[in-house]
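Next up: the structures, one after another.
Shared between the two complexes below is subunit A, which has subunit B as its partner in the first and subunit C in the second.
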Partner chain A sequence: MFNRKHGFSEAFVRGCHSKRLSKRDYEELGRCDSLEDVKTYLESISDYSDYLRNVQPPVKPEDIVACCKRRHVKEFNTCQHQASPPLSTFLEYLTYGHMIDNLMLALNGMLHGRSSEEILDKCSPIGLFDSLPSVVISGNVQELYRLVLVDTPLAKYLSGAVSAADLDELNVELIRNVLYKEYLQDFMKFCSTLDLRTNELMKNLLDLEADRHAIRITVNSFGTELSKSVRTTLYTNFGTMHPDGFVRLATCETVDEVKQVLVTYPGFHEVAAKDDAHDVDRGLRILELESCQRVLAEQFNLAAFYAFSKFQENELSNLMWLTECIAQRQKSSLGEGLICIDTHL
Partner chain B sequence: MPGILNERSIPVLAALWTLTLVLIVRGTRVEEGSALGIDWARLWLLFTRINPYFFSALGIAAAVGLSVAGAAWGIFITGSTLLGAAVHVPRITSKNLISVIFCEAVAIYGVIIAIILSTKLSDVPRDPDTGAYHPSTMMAGYAVFASGLTCGLANLVCGICVGVVGSSCALADAANPALFVKILVIEIFGSALGLFGVIVAIILSSNAVFEKV
Partner chain C sequence: MSNQNRLQVAPTVTQLAVIKLRLQGAVRGHALLKKKADALTLRHRAVLKAIVERKTTLGEIMREAHFSWTRARHAGGESVKHAVLDGVERAKVRVRASEENVAGVKIPKFFLRDTGAEQRRMELAGLGRGGARVREARGAFEKAMTLLSELASLQTAFVTLDEAIRTTNRRVNALENYVTPRLQNTVKYILGELDELEREEFFRLKKVQAKKKRDVEQAEREVAEIVADDEALRIASEELRAYDDVVRG
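Take a look at the complex of A and B:
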């Protein structure tokens, strides 16, 4: 009965997924010497040519990234237009993550006095909400706070957590984490109302996401005035490391201590065995994409849409890194930021 | 739109159904005997007096109805996936029509069996003394019913099976054309399941003869 509602969208998403840049494409792109070459190569892959046609030389990294973004948004929107519940609600939950990012971008931008066009340019179009542009143009933080509380689906996550008065830089990060925690928990709750298999797969994926969230908070809080008790309140109430791993994470003070916690968990063992602090985050992302890849091997469940959106994000960040590297002529660091999982099984 | 069968309506419907059953059984209980006794003999008599043509018609309806339901279900599963996958990879459409045809074949099995069964029917008079049908006529009625049901149920699940495999076939073909033939083999085995039902149905109904004694 799954196919009655979601068969078309699922197959469509898989079609988009198979058109994603593959490992070989990244290798080819890595050989390019200039952004013009990148553009030519991308144009030779049929799906990008439509989006790249209007890009005039000289090509800037932002242009290519913007094209990629446009393509993703188009894919996502097509999917959303086709969706009926519960898929439409599921996709809405996926947009909330982008919404949180946008909101934080707007807050940060406004606190630093950036121009409204610049902020809106950076916002992810998937997570735009109606009042965001008007608020950003008005440039008033209090106004933004009030509108978010009234207008957006994020209101239920935000209420009571913070007041408009304490919006400064540290707090922006804090709010982001509070919002993200509430969002993950709510998403988890929503997934438990879905069918069994979706629930099972989403539980694994969200568990991993919750662990990443907790680790990120822990690592980022080193050297800030964020107290350990506050740190504990930011952790989600689920995750593979929940609860004892989170308790131990809360007491960590260096990256090495975090790694010692991670090593005890079988899934994270390899990630933590590496030396570099940067590697932990990268390793976790690879881990996440690999589990997304496994999810895509199954049919007739909604988790495929989550995996799809994760791969979209990955492609975007890959392209961003790649174009920047080529633009700044630092191809030696190319491998550090690229994460390519072979998309074909 | 919420369906008729949801978590609220099911208990209500179940209660109504139980109540109906209780009323039917109580209506046929012995008046003179013990207060709560059920006259099983009378119920049995009611059952054995059901017209064999009623059973035959039910069997034919099940054969064609369930088969078509299975085929339609399968085509739906395959078709929706095929459409979605074809947005990005148009080349798969004509190849994957085979999956749809496999589902369609399931409906044809049902129609064939329904035709075979309906040709068996002929008018047999009742026994003028007792008003009952001859045992061989009754047996023919039951046989037609059973063979229709066998064919219908087998084809129902076969259609769903072929549909699910067919939709995976479309996705796999879109991702990697080399997989198409391999999945097609699985699909052929799936559609053979329906044939088993058809064979059993034909054997079952071959004994069923409505003839004058």
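Take a look at the complex of A and C:
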């Protein structure tokens, strides 16, 4: 059943996935001394050559990252174009995260009177929705709210969380996180309508994502004016730590307290043992990618597409870190940001 | 030789007084300027030392700051960059310039001023992802900025001082090697001329005196002649009268 409908897409995704940069590639790239070397290496080993061909020296980190991004977008779009329900809906859900970012970008840009080209230029192509250009051109926050409500899939999140009047007063970052929370909850709901195995796997992944969202908000809100009650409203209504873990997170005031909360959960035990606050974030990412890796080991489920997109994101951030490290001659810090989960089983 | 290197003045006593006054002024000005040049050089060296010190640390700090921003972007993804860019409403720090006075040279001095701009939007940038890193980067850049403003003051001070020292030294040298000797030569010249004049006057007086003496002598001689003539006349007349008496008598 699954294969008949989504077999090709899955095969495509797996094919793309096998071309992700491996641990060995990262090691080789880490040995490069200049971005020209990186470019040459990337051209020689992977599908990047098509994208890198037009990059003129001097190579900048952004160029390489942009190439990587273009490649990912192309992979994703190919996948999306041939998908049929329920995979197409599933993939659409994957774009909502980018869509939220784009929407916030548009909102922020409009509040600061930026031109529409400028805003559209910054938007992520994966999260583009048809009415985004018209939203941007409208140049009015109220109009934006109305258009988003009418035209985009984000409407149900937005209407539930914020009213039109709040839009220019509420902090954009708050809106972003509220929307993201609503999105996660909705995604969870959608996954429960899918087949059993997908649901099971996705529940694990989304639980983790929800925890991660909560932990990140908690850690990042230290030292800001974000009140604890507002913080609580940003937490999702599910997750492995839901509900009492979130209640305890809400009262945390230092990273150490967060760690104490985390220690009590077996899944996060290792993460909590880390010293630095940033290591916690990194640990969570590794955890996420590892579970994605496990998901990819299985066949005939939609969760593989989610895992695939996460690996795409990871590769992007790895490449960005790597090129920046090389460009700024900080190669000693290379290990700090790279996360290599060997994708080849 | 001294003729060329002096002022063209009439060699009079009043001019001498004027020139002497000017010479005095030049000497005093020279001493003062020398002192000023010394003070400026001292300051110049101190500034140079500070610049070298700052510059060595600046490289490291700027690198740190940029890298911490890379960390923030890495942790927060692209969206955090735009959130930060759009989150800025008003500059949080502004550079203000004031002036400092070193030995009469005005040196611009820059310092950072917190405008107290509300950073409400910024505060939560990257709440979902990488907010802590963004704040770290902000701290790092604030540090770098303080250092940069210090360096900017020092650099401008360096250039200004350099310029000032050069003009002062030029003036010192001009006073020392040109103005003062010229005035001195003038004084010498005037004194020489005055001496010459005095000698001439003396000579003239002597001449006048000699002539006067000669005149007096001649007058006396004439008087004596006249007297002698009178006497002879009287004698002659007496003799005539005696002759007449003899003739009549």
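Note that the second predicted complex is superposed on the first by the 302 of 345 C-alpha atoms of A that agree within 3 Å, B and C clash if a C-alpha of one lies under 4 Å from a C-alpha of the other, contacts with A are read in each partner's own complex, and residues count from 1 in each chain.
One rule holds in what follows: a residue touches a chain if its C-beta (ideal position, glycine included) is under 8 Å from a C-beta of that chain, and two chains touch if they have at least 3 such contacts.
Source: prediction; values computed, not measured.
A.B. asks: Under the superposition described at the top, does placing subunit B and subunit C together on subunit A give a clash or a fit?
C.D. replies: fit
A.B. asks: Looking only at subunit A, is it subunit B or subunit C that touches more of its residues?
C.D. replies: Partner with more touched residues of subunit A: C.
A.B. asks: Given the overlay on chain A, how many degrees, to the nearest 10, lie between subunit B and subunit C at the CA centre of subunit A?
C.D. replies: For this superposed arrangement the angle is about 160 degrees.
A.B. asks: In the overlay, answer first, second, both or neither for which of subunit B and subunit C A:124 touches.
C.D. replies: second
A.B. asks: A:171 contacts which: subunit B (first), subunit C (second), both, neither?
C.D. replies: After superposing on A, A:171 lies in contact with subunit C but is clear of subunit B.
A.B. asks: Touching A:16 in the superposition: subunit B (first), subunit C (second), both, neither?
C.D. replies: first
A.B. asks: Figure out whether A:112 sits in contact with subunit B (first) or subunit C (second), or with both, or with neither.
C.D. replies: The second partner, subunit C, only.
A.B. asks: Touch check for A:299: first (subunit B), second (subunit C), both, or neither?
C.D. replies: First partner only.
A.B. asks: Which partner does A:8 reach: the first (subunit B), the second (subunit C), both, or neither?
C.D. replies: The first partner, subunit B, only.
A.B. asks: I want to verify one number: the closest Cα approach of subunit B to subunit C after the superposition, in Å.
C.D. replies: It is 28 Å, taken between the nearest C-alpha atoms.
A.B. asks: Where on subunit A do subunit B and subunit C both make contact?
C.D. replies: none
A.B. asks: Can you list the residues on subunit A that touch subunit B in the complex?
C.D. replies: Checking each residue of subunit A against subunit B gives 3-4, 7-16, 18-19, 299-300, 344-345.
A.B. asks: Give every residue of subunit A touching subunit C within the complex, in rising order.
C.D. replies: 101, 104-105, 108-109, 111-112, 114, 122, 124, 171-174, 176-177, 180, 213, 216-217, 219-226, 234, 277-278, 281, 313, 317, 320-321, 324-325, 328, 330, 333, 336-337
A.B. asks: In the complex, go through subunit C and note every residue touching subunit A.
C.D. replies: Touch residues, subunit C against subunit A: 63, 66-67, 70-71, 73-75, 77-79, 82-83, 86-87, 89, 120-121, 123-133, 135.
A.B. asks: Could you pull out which subunit B residues touch subunit A in their complex?
C.D. replies: Result: residues 76-77, 79-89, 164, 167-168, 170-171, 174-176 of subunit B touch subunit A.
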